[in-house]
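Each of the next two complexes has chain A plus one more chain, namely chain B in the first and chain C in the second.
Let's look at the complex of A and B:
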C-alpha cells in the first residue's frame, strides 16, 4: 500500500512542481528524490512496516513477490530518469506533466503486482495504459507520434473491452458472483464453458498488453512512433510490470487448472519467439528492431507463465531486472542519436569508445551471452520450463530463436567496431557516461553473481 | 407471458436490431442514432432489473453526453457515406467469419451455463437502487473507488497536456 499511495501523491507533487519551478535541474532532482522515497517505503513494506492501516476488504494482497518486483520497477525507473531525463525535457514543454504521468504509471504497476481481485487488476492496467497513450503522443508536432498514440489508444481500448468481457464471464461463472481471485480459483474442478471463455479472454487481453504474438501488431508502430525516451519506459518497466500481474493472475486464479491452458500459452510463446526474432532480422531501423526484439524477449518471459514454479518466479524477477537494465541502456544511447538506422552506428567505437563498449555489453546481455545478466535470466526461464517436463520441444525452439537473435544484436556491434563511417555527434555529458558505466557494471555483476538477487528472494520467501 | 417478459423481448429485439443497424448503416450519423436506440433499450433492461439508478446514469452519460460528442466529431469532420473508405471484400468476409466464430463460442458458453435461472433478478433485485449502490460503493468497494481517482486524474492531466497550446 505504501508504494501505491506514495507514487500517486508524488505524481501530484510533480504536477505542481512544474507550476512553481521552471528549472529542469530541480524537476529532475524532484523526480529522483521521489523514486528514492518510493524505493525506501517499498523496502520498508517488504520488512513489514505498513504506513497505512486501511481495511482493504482483501482487494489488495502484498506478497513479497509483488513488492520485490515493485522494487525492480522503481530502481529501473530511477536509472531511466538518471540516464534519460534530458531527453524528456527535449520531447516537449510539459516535462513536469510527463514526470507526473510516469509516477501514475508506477502507481498502476504497484497495483498490478499486488491485486487480489479482478477489479483491481482492471484498474491497475488502466492506470498504466492511459498515461502511456498520452506519453506516446507527447511529440505533438511529429505525425508518427500522433499516429502511434491514436493506434495505441484504439487497440488498447479494444483489448481492455475484451478483458472486461472476460471478467464479466468469470463473475458469472463463480458460484455467488465474485471478482476475488480466491473465489475464482476454488471449487472449479469441472470448469464450465463460461469459465473457460473468461479465462481465454483474459489470456488474450493480457497477451495484448505484454505484446505477445499474435496480439503484437500494435507494438512495432507504437514503439517506433513514440518519442524514444517513452519507448524505453514502455518497453521495459511497464512491460515487465504487467508481466508480473499476468503471472500473478494465472498463478493465483487459474493455477490449479494449468493443464487446461498450458498448451495455449505454449503456442503463444512459439509464435511470439518466431515472429519477434524473424521480423527483427529484416529491420533497417535500430529503434524498430528493438521493438521486435522486445516482442521476442516477451516470448522468453512467457516461459515463467508456462511453468509457474519457483524457478519461474525467481527467474522472472531476474529477467525483469536484466532486461530492464540492458534495454534502458541501449535506448538511452539511441535517444542521443540523430540517425536511428544501423548505418548510424558505423564507426562509433572510434569516436566514443566508452559508449560503444557499454552498448556492446547491453546487446550481449539481451542476446543472452554468458557473463552478462541476460544469460542467467534466459537460463532460469528455460530451466523452469524444463522442470515441468512437457515442453522440451519448446525449449529447443527457444534456444534456436535465441541464436537467431544473436544475428541482429551483433549487427549493431559489427557496425560500431568493424565498419568505417562518419560517426554521429552525440550530446553526452560526463555524468551520463558514468551512469551508463554503472548500469553496465550492474549487468555484468548480475551476470556473474545472479545468486545475489535470487538469494534476496530466498531470504524473503523463507 | 407476464408483462415483464413481453417488455424484455421487445427491449431485446430493439437492442439487437439497433446494434445490427449501427454496423450496417452506411452513414456514420445514422450509426450514432441507432446506437442511441441501443442505449435506450439497455436502460430499459436495467429498469426491468430494478436498477433505476444505473438506467438513468446510462442514459445521461452514454445516450446524452457521449453520443452528443460522437455527433459533434462526425459533423466536424464532415463524415458521410461518401467519405467512408471502401473496404476490401476479403477483409469483410474474414471479419464476418471471425466475429461469427466468436459469437458461436459465446452462445455455446452461455447455453451450457448452469445458472440460467438466477441470472436475472427480475422485479425483486435491489442492488441497483441508489441506497444499496451507495452502501456497496462506499463500504465494500471503497478501495477501487478511491484508486480510480488516480485513473481520472491521469486522464485529466493527459487531456490538458494534449490540448494545451505549445
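Let's look at the complex of A and C:
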C-alpha cells in the first residue's frame, strides 16, 4: 500500500516540478530521490510498517512475493534513471512529464503485484499501459515512434477488451457473483464452459501483455520504434512486473485446476522460445535483436507459470532481477550510440575497453553463462519445470533454444573484440561508466550468491 | 428473459468489434470497434449482475452490485484511453496527413 500511494503522489509532484524547475540536474535528482523513497517505504512495508490503514475490502493483498518484486522493479528503475536519464532529456522537451509517467507506471506495477480481485488486476494493467502509450510516442516528430505508439495503443486496447470479456465470463460463472480470486478458484466454482472460456481469454490477453508467441507480433515493431530509453523501460521493468501479476493470477485463482491449462502454457512456451530465438538470429539491428531476445526471455519466464511451485517463485524473482539489470545495461550503452547495427559495435573494445567489458558481462548474463545472474535464473526455471515431472521434452527444447541464443549474443561480443572498424564516439561521462560497472558487479554477485536475493522471500520480519 | 440471450447478444457485439479491428484500415474506425468490444463487456457484466441479484437477493441484499461497479471502472478507463488514443492519432495525422494503418507499414524499413 505504501508504494502504491507514494508512487502516485510522487508522480504528481514530478509533474509540477517541471513548472518550477527547468534544470535537468535538479529534475534527475528529484526523480532519484523519489525512487529511493519508494524503495524505503516498500522495504518498511516488508517489515510490517503500514503507513495507511485503509479498509481495502480485501481487494489488495500484500505478501512478501509481491512486495519483493516491487523492490526489484524500483531498484531497476533507480539504475535505469542513473544510467539513462540523459537520454530521457534528449527525447523531448517534457522531461518532467516523462518522469511523472514512469512513476505512474510504477504505481500500476505495485497494484499488479498485489491484487486480490480481478478489478484491481484490470486497473493495474491499465495504469501501466496508458502512460506507456504516451512514452512510446514521446518522439513526436519521429514517424517510427508514431507508428509504434499507435500500434501499441491499438493492440493494447484490443487485448484489454479480450481480458474484460474473460473477466465478465468468470463473473458469470462464479455462483456468488464475485471478482475475488478466492471465489474464482475452483472448488467453490464448477468448471463450466463459461468458466473455461473466461480462463482461456485471460490466458490469451495476459500473453499479449507479456508478448508471448503467438501473440507477440506487435513487440518487435513497438520496441524498435519507441525511443531507446523507453524501450529499455518497457522491455524490462514493465514486462517483469506484468509477469508477476500473470503468475499471481494463475497461481491464486486457477492453481487448483493447473492440469487443465498446463498444456496450453507449454505450447505457448515452446512457440515463444522457438520464434523469439530463431527470428533474433536474422536481425541486422541490435535494437530489433534485443526486442526478439526479450520475447525469447519471456519464454523462459513462462516456465514459472507452467510449474507454479516454490522453485518457480524463487526463480521468477531472480530472473526478473537478472534480466532487468542486464537488459537495462545493454540498452544504456546502445542509447549512447548512433549506429544501431551490429557493425556499429565494431572495434568498440579498442576505443572503450571498460564499456566493452561490461557489455560482455551483460550479454553473457542474458545468454545464461555460469558465474552470471542469468545462469541461475535459467537454472531455477528449468528446475521448476523438471519438478512438475512431465515436461522433460520442453526443458530439452529450452536448453537447445538457449544454445541458439548464444549465437546472436556473441555476435556483439565478436564485433566488439575481433572486428576492426570506425570506432563510434560515445558521449559518456565518468559517472555513467562507474554506474555501469556497479551494475555489472551486481550481475556477477547475483550469479555467485543468488540465495542473497532469494532468501529475502522467506525472511520473517517482526 | 434467460441469461443466454444476453450472453449471445454480448458475444455477437464483441465479435463485430473484433472483426472490425482485424479488417478495417482506418485508425478511428478501429478505435470505435474497440469501444464496441468494451461496451459489449459492459452489457454482459450488467446482465450477470442482475442474474446474481435474482439468485441471491433473499440472503444477500447487495448481491451482484460489484458487477455494476466494475462497469463504471470500465467506462472511466475507456475514457482515459480515448483521450490518449485520440492524441496519438492526431499526432500521427500531423506527420503523415493520413490515419490509414496500412500507410504505417510502408514506413517500416
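Going forward, the second predicted complex is superposed on the first by the 455 of 462 C-alpha atoms of A that agree within 3 Å, B and C clash if a C-alpha of one lies under 4 Å from a C-alpha of the other, contacts with A are read in each partner's own complex, and residues count from 1 in each chain.
Here is the rule we use: contacts are C-beta pairs under 8 Å (C-beta built on N, C-alpha and C of every residue); 3 or more make two chains touch, one makes a residue touch a chain.
Remember, predicted model here, so these are calculated numbers, not experimental data.
Touch criterion met: A:144 reaches chain C, while chain B stays clear of it.
When the two structures are aligned on the shared chain, A:100 is found in touch with chain B, with no touch to chain C. Judged by the touch definition given at the top, the superposed model places A:90 against neither chain B nor chain C. By the touch criterion defined above, A:343 lies against neither chain B nor chain C after alignment on the C-alpha atoms of chain A.
Of the two partner chains, both chain B and chain C are touched by A:133. After overlaying the two complexes on the shared chain, residue contacts for A:123 are found with chain B and with chain C alike.
In the superposed pair of complexes, A:221 makes contact with chain C only, with no contact to chain B.
In the superposition on chain A, A:171 makes contact with chain C only, not with chain B. After overlaying the two complexes on the shared chain, residue contacts for A:161 are found with chain C alone; chain B is out of touch. The contact surfaces that chain B and chain C form on chain A in the two complexes overlap at residues 119, 123, 126, 130, 133-134, 137, 140-141, 169, 172, 194. Per the touch definition, chain A reaches chain C in the complex via residues 119, 122-123, 126, 130, 133-134, 137, 140-141, 143-144, 146-147, 149-151, 153-154, 157-158, 160-161, 164-165, 167-169, 171-172, 176-179, 194, 221. The residues of chain B lying in touch with chain A in their complex are 105-106, 108-110, 112-115, 119, 140-144, 147-148, 150-151, 153-155, 157-158, 160-162, 164, 166. Of all residues in chain A, only 4, 8, 11-12, 15, 54, 56-57, 59-60, 92-94, 97-98, 100-101, 104, 107-108, 111, 119-120, 123, 126-127, 130-131, 133-134, 137-138, 140-141, 169, 172-173, 192-194, 196-197 touch chain B in the complex they form. Looking at the complex, you find that chain C touches chain A at residues 3, 7, 10, 14, 17-18, 21, 27, 30-31, 34, 37-38, 40-41, 44-45, 48-49, 51-53, 56, 60, 63-64, 66-67, 69-70, 73-74, 77, 80-81, 84-85, 87-89, 91-92, 95-96, 101, 104, 107-108.
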